[in-house]
Amino acid sequence: MMQTRTLTTLNTSRTPQMIFWGVRWSALIYLSVLIALPLIVISVEGLRGGIWSFWDSITRPAALSAIFISVWTAALMTVINMIMGTLTAYVLVQYRFPGKRWLDSLIDLPFAIPTLVTGVMLILLYGPQTPIGGWIEDQFGMRIVFSSPGIVLALLFLGYPFVIRAVQPVLASLDIHQQEAAYTLGASSWLTFRRIVFPAILPAMITGGLLSFARALGEFGSIVIVSGNIPMRSQTAAVYIYGQVESGNLAAASSVSLVLMAIALLTTLLVDYLARRRTAHA
Amino acid sequence: MRKFVLIGLVLSYAGVLLLAPMLALVINLLEYGLDTIWAAITTPEALLALRLSLILALCSVMINTVMGVLIAWVLVRHQFWGKRFFNAVVDLPFVVSPVIVGYVLIVLFGRQGWLSGFPVQLAFSTAGMLLVTVFVSLPFVIREVMPVLAAITPEQEEAAFTLGASHTLTFRRILLPILWPSILYGIVLTLARSLGEFGAAAVAGGGVQGVTETATIYVYRALQDRNDVGAYSIAVILGLMAVGILILMNWLRPQEGKKHVD
Amino acid sequence: MRKLWLWVILLMSFAPTQAQTQPITLTLAAYAVPREAYAKIIPLFQADWLRQTGQEVIFEESYLASGAQSRAVVGGFAADVVALSHEQHVTNIVNAGLITADWQDNPYNGMVSASVAVLVVRPGNPREIFDWADIAQPGIEVITPDPATSGGAQWNVMGAYGAAYRGQVEGYEAGEAGALQFITDVFINVSVMDADGRESFLTFERGIGDVAITYENEYFAGLAAGGEYEIIYPSSTILIENPVAVVDVYVDQNGTREVAEAFVAFLYTPEAQAAFAESGFRPPVIQIDPDIDVTPEVEPTPEATAEGETQFPVIEDLFTIEDFGGWEVVVPSIFGDDGIYTRMIAEVKGQ
Amino acid sequence: MSINLTNIHKGYGAQVVVDDVSLEIESGELFVLLGPSGSGKSTILRLIAGLTPLDQGGIALHGRDVSLLPPQQRGVGFVFQNYSLFQHMTAEQNIAFGLEVKRVPRSERQARVTELLQLIEMETMGKRYPHQLSGGQQQRVAVARALAQRPEVLLLDEPFGALDVKIRAQLRQNLRAIQTQLGVTTILVTHDQEEAFELADRIGVIDGGKLLEVGTPDQLYRAPKHRFTATFLGNANLFPAHRNGSKVYLGDQHLPAPPDTDHLTGQPVEMMLRPESIEIALNPTDLKGSVLGQATVTQLAFAGALERVTVQLEDRVLQVLIHPAQSRQLGIRPGDRIWLGVQEYHLLATNHHSGAG
């Protein structure tokens, strides 16, 4: 046994071994400092007054509804983008048409553009004094910006690429023979999509959808510009946190942050799990 | 027939969602006339803000590229206790509200903060802004590199080892060329996220004009000052940078059937 | 251009502790609204200081929401002078031990400018709003900032609350119950609450709402920028006072006490007050010099001009925050976690 | 002695992968490690190359103890099962990589690459990328890459595993030719006995992490010491027997004992009869070897060059291979009674069971 140990440690010469440990530790320490430290700060601040004060902070009506609004707007966005994103990916993979390359490039725009600028753009397009915003308000009596549709719209913009970029490669790598086989068996293309294509891309759809959901939960830059910020109606959790920080209520800000992070972390763990399952199947 | 309905549907959705807002911004800006726009862009404050944004973004790209590749390496290749936890928290910057990030920096490094004895002034300084920018753009390189790294079989490296190549040489000559496209894509995403950061940088830096004011903070303040032409023109510059980044992304995006660069 | 960059590099590299003959840097942390006024005052002061001491003063200016600014200074933003919208925000800095001297020890109680809470309506006043009571009518859309983030918003709430409390709002009983009922009815009508006062007024400018609760100076600033709307002075409203203070700990650190104190003193000079007035600010409570013309350059409302009125209009029933015990009482009891406003807003918007 | 393994041992936790293996390989020899998948043969190769750290024992290459050296310093060429060519480099660049690492001057490098490309008969394809090459071509480039540095030892891990049968046969000949030409000591790992027979100077049979026996292909085929070797290398009819005096008793039958089997006297042994060493005749007098007895034909099957005849001798079922011509001449059909004889047979000790047990 002794001999065993000596040999393993000595086997590769010292330098690579040291590099190995050096790399691991610097990476992990860096990650810990950069990520765990803020996590600790938020946890400590959020729980400073004890679990009951934490509970109190997050069950306050304005806090609870802000979390709720964040979740439902993000969820609505996720559902819409899972449908439209999959459709876009499908069109991009299946068809050739003029402007396809342009569309394909344009899809990444939300990744590239500052979200604050997104907010500004949406106000300039849908603001009540603009032709479009004014027309919609006159015709439908519905206000886009400074209201919850504005939040959903900003999130739709933000989350559009996620599902597309997750589904696109899966669709492209789908075995065409499977679809052809289905056609020869007399299946309509809708049936083929539903029974052959859809099950194959569903994990990617969900992964992309959940990622965009998690991303949307924390969104601030565009929301702070387009939302009406009415507590209980159009105030999202990120903006609520901003308000609590501004009014010096750090405990409340941290508590709500913790809840947001827990939701987001659960979501990413779910994504992780789904991705794992997908690779296991492949 | 259905083909055209689907294409039409997708094009109009993408057009309304993505293109229309861009056009609205550009049209609103162009109403001011080019001279006014040029004057608005070339004010010292605007230039300083753009400069700071670029410096922060470039620094954050450098740090996150090096550390991102390292972290991806450790998360893919090393086995250690708590690996799944680390793997999960990498995405955290993605979802933490940026305002909270800025405020955590102040809680940590502020005057009466937990680590107020820290030798470098981080709260309300460009160094602190860099730190929060690095934080919010951390996941991109890692997430781009990890799957590619995981797909490389160890034999490629082992082959190099048996040919006498050291670990570093193997990394440089064998792994890096394979990883490079995904690293570049990650860099571009990092750049975009860093340039666009607003909430965290504003809180962490204090938004002092010409000192800790980034381009996005400038846009925000210009809107408040009713300096619409200043806000729109810097917004359009940021948008143009975004389009440039977009072109890079499209060029670099790992594509099917083109996995290996020749 | 080039010179400015050089300075920025210089300033980023070491703290501004230069000898008297060298330029000195003064950091001003102000709330966002009086930016235009400071843009006029600072060059005047720079010239004045250069003339008196032969030293150049370089300004670093930060304009943020008042609460954010206060927090930043407490958190370590080493500003020499703070100019905020809300006394409570200075008190926070005092409580952090950064302001050690009695900053209110001057004839103006530490206040450098004043304003009043007013109502601003669309041109022609189509919804016929003439006083507080009218904005509580069902169907009127009201815009005001969020008291959680905006010091100014708290002034607005206290203006409405106070007027009703004093029995000056038609249809509401004097006293706490009536005042609460009044602000409840008003906030049922509120549709957008932005993070700070300026943003809120910009939302109104963008066409949202029938009436904005805002400050007199905000109205004048908007008018100067070409905005089209009308101001309505309520018969009873609150006097808004904006404090300014030297941050003792930081000026001693930075070696800027002398110039910081001189700057604060300069803010009370007729020229500086004239600049404030141009931007629509009233002078602090105690008239500095009755001979100074503190008329804003901008013409007030058409009606006011028609009546030949050039001074800031006189409010019939002007009250101050001191009438309600000062901010140290009002902030917890009205805006605290369990305050009247906090409970009211949750109830109103939760329906 | 070119490669010398002394009591090497490798385990992962409780699982023993290489169990106390000792082996000596001569210079210039082509040695084949043969065993089923999971037998530990690839691990032995990786231990020699230094890709897997050794738990116990020693490895010497050309008299130099390399047990503790990293793979970079062992001077072995390694060819992986999936070739593992560097995908972003051309064939030439792949071959030149090891020379670059050793800082061989450019001109010399170029000359060596050309030489190797000639050796693998791919002179015109040096500029191609791996994905532009067929599997066989990639495999040859991998061999050339491993040979570029003129290693003392060449290790090949299932080098033909992923190729189809035809290419495999052709590449085997190529490899054998190259190996003979260069005289480089080579260990090849495979699970394919045909491959082992065709290439090996000597074969080492491995199962369950243990090196069971080593010998020339002929030795191992005709006179294996282990039941595992007997069955893994070709087909074998095995029957319990015992040796007494100068005879071997197989049930009621007895045959002369093979030479050099005295030590098996009294022990339970097994008799191994290769299918092709059994004769079939209609009369016992037509048999050339010893008579086994009379049996019934149960099945006839065409098996290419030979015909497979299944016969039942009392309660034993035997596989016999005969020439189709003979089959036609005898005119046998299922159900026919025939006589069996045997010319060559071999005895194995029964207790020498295969496997790690």
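The first chain written gets the first letter, and so on, giving A, B, C and D; residue counts start at 1 in each chain.
Keep in mind that, in the parts below, a residue touches a chain if its C-beta (ideal position, glycine included) is under 8 Å from a C-beta of that chain, and two chains touch if they have at least 3 such contacts.
As the structure is a prediction and not an experimental result, all values here were calculated from the model.
Which is the least count of steps on a path of touching chains running from chain C to chain D?
Steps on the shortest route: 2.
Farthest from chain C by Cα centre, which chain is it? Let me know.
Most distant chain from chain C: D.
Applying the contact rule given earlier, which two chains have the most C-beta pairs between them?
A-B
Hey, how far is the Cα centre of chain A from the one of chain B, in Å?
A distance of 16 Å separates the two centres.
Taking the mean of the CA coordinates per chain, how far is chain A from chain C in Å?
39
Counting in whole Å, what is the centre-to-centre distance of chain A and chain D, each centre being its mean C-alpha position?
The answer is 56 Å.
What whole-number Å value describes the gap between the mean CA coordinates of chain B and chain C?
About 37 Å separates the centre of chain B from that of chain C.
Residues touching two or more other chains, restricted to chain B: which are they?
166, 203, 223
Please list all residues of chain A that touch 2 or more other chains.
In chain A, 16, 224, 242, 245 touch at least two other chains.
By residue number and range, which residues of chain D touch two or more other chains?
50, 70
Please name which positions on chain C make contact with chain B in the complex.
Touching chain B from chain C are residues 1, 4-5, 8, 11-12, 27, 29, 32, 35-36, 60-64, 68, 71-72, 74-78, 96, 98, 196, 198-199, 202, 221-222, 225.
In the complex of these two chains, what residues of chain A are touching chain C?
Those residues of chain A that touch chain C are 60-62, 65, 123, 127-129, 134, 143, 146-147, 224, 228-233, 235, 239, 242-249, 252.
Which bits of chain C are touching chain A when the two form their complex?
For chain C paired with chain A, touching residues are 65, 67-68, 71, 92, 146-150, 190-195, 203, 206-208, 335, 337, 342, 345-347, 349-350.
Hey, which residues of chain B end up touching chain D in the complex?
153, 155-156, 158-166, 169, 173-174, 177-178, 260-262
Any idea which chain B residues touch chain A in the complex?
It is residues 2-3, 6-7, 9-11, 13-14, 17-22, 24-25, 28, 67, 70-71, 73-75, 78, 80, 84, 86-101, 103-104, 107-108, 114, 134-135, 138, 166-168, 189, 192, 195-199, 203, 215-216, 219-220, 223, 231-232, 235, 238-239, 241-243, 245-247, 249-250, 253, 256 of chain B that touch chain A.
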